[in-house]
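We call the chains A, B, C, D, E and F, going by the order they appear; numbering starts again at 1 in every chain.
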Amino acid sequence: MPIVQIDMIEGRTTEQKREMVKKVTEAIMQTANCPADAITIVIREAAKQHIAKAGILMSDK
Amino acid sequence: MPIVQIDMIEGRTTEQKREMVKKVTEAIMQTANCPADAITIVIREAAKQHIAKAGILMSDK
Amino acid sequence: MPIVQIDMIEGRTTEQKREMVKKVTEAIMQTANCPADAITIVIREAAKQHIAKAGILMSDK
Amino acid sequence: MPIVQIDMIEGRTTEQKREMVKKVTEAIMQTANCPADAITIVIREAAKQHIAKAGILMSDK
Amino acid sequence: MPIVQIDMIEGRTTEQKREMVKKVTEAIMQTANCPADAITIVIREAAKQHIAKAGILMSDK
Amino acid sequence: MPIVQIDMIEGRTTEQKREMVKKVTEAIMQTANCPADAITIVIREAAKQHIAKAGILMSDK
């Protein structure tokens, strides 16, 4: 703990994800005051036809 | 907010998902009394061997 | 299945939630083509200081 | 209810998942005192570059 | 990893939860072939008016 | 999108959460290359008897 789940649109590179988990972990360590190895992050990528805002699929915008 | 996460078996068409997010968004707007663009929906599809009911994989039924 | 998780700000009445689950269930039945009793919904309410948009807590807006 | 969501690294066989959902369901039935068919499990598999511990992707370890 | 999230109706005792996390962890260790300390479980309790089946709140059944 | 869900043990102050959502949002903006207002964060707090590691409740450690 903490457990961080990030749902986002597919398409980021592994390098972007590598930086993302590094910086998100630092952000939580510093503010929640917990050790780095207590923090687990799961990234789940979604296709644009699997996300909707205001009732409209991202793939239709 | 609200954030809606829908886990379901894979296999629906994009047209079905398009209608689903439209109608689910309307249902929440009307009852939770919030604007459409505050509502985000994420659909996550699962293979039948990744869902179980009563301890049995859907792919085994 | 489908499983629907709705995270939203606390404060809706039980009557609003009753209508919400009824209408969301109908929306999914009609579009995903599945029986009503296959649909489970979990509502999770969050305090305004537990939700953020653009890096700002809802309780600070 | 209960609804059980398991996020784990990809790579287990269907036979492992079949045993997992059987045993997890039994564990919950026995301890939460609920019937088997009330228990739904969703398994979500993640690639190693989608999970991080201590700020480092599993694929980098 | 694995991360296990269990959403269930409120009302179980701490002793029941203690047994549940013990047995669920054993079930996953044995079948997913991973060490116990890699397994994190989060229990989230919901009031009966926050869960619906077939479009009806559990508190209305 | 992205949607970030953070499950953690209860007990952080509102000031800690305020800083957390600010820094986590910045971390994702910079690395996923998306605008701040596309990022929603939900914090869910859990009591120590609702989290387990290695089959043992945090409240028993």
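Criterion: a residue touches a chain if its C-beta (ideal position, glycine included) is under 8 Å from a C-beta of that chain, and two chains touch if they have at least 3 such contacts.
Predicted model, so just to flag it, every value in this text is computed and none were measured.
Under half of the residue numbers at the interface between copies subunit B and subunit D are found on both sides, making the touching surfaces mostly different. Each of A-B and A-F has its own count of C-beta contacts, and the greater count is at A-F. In terms of their C-alpha centroids, the spacing between subunit E and subunit F amounts to 20 Å. Chain centres here are Cα means. That of subunit A falls 24 Å from that of subunit E. Touching of two or more other chains is recorded for residues 1, 3, 5, 7, 17, 24, 26, 40, 42, 44, 46, 51, 53 of subunit C.
Listed by label, the pairs of touching chains are A-B, A-D, A-E, A-F, B-C, B-D, B-F, C-D, C-E, C-F, D-E, E-F.
Those residues of subunit D whose C-beta lies close enough to touch subunit B in the complex are 5, 14, 17-18, 21-22, 24-26, 36-37, 39-45.
Residues 1, 3, 40, 42 of subunit F are the ones that touch subunit B when the two sit in their complex. Touching subunit C in their complex are the following residues of subunit B: 1-9, 12, 16-17, 19-20, 23-24, 26-28, 30-33, 46, 51, 53, 58.
On the subunit B side of its complex with subunit D, the touching residues are 7, 44, 46, 49-57, 59-60.
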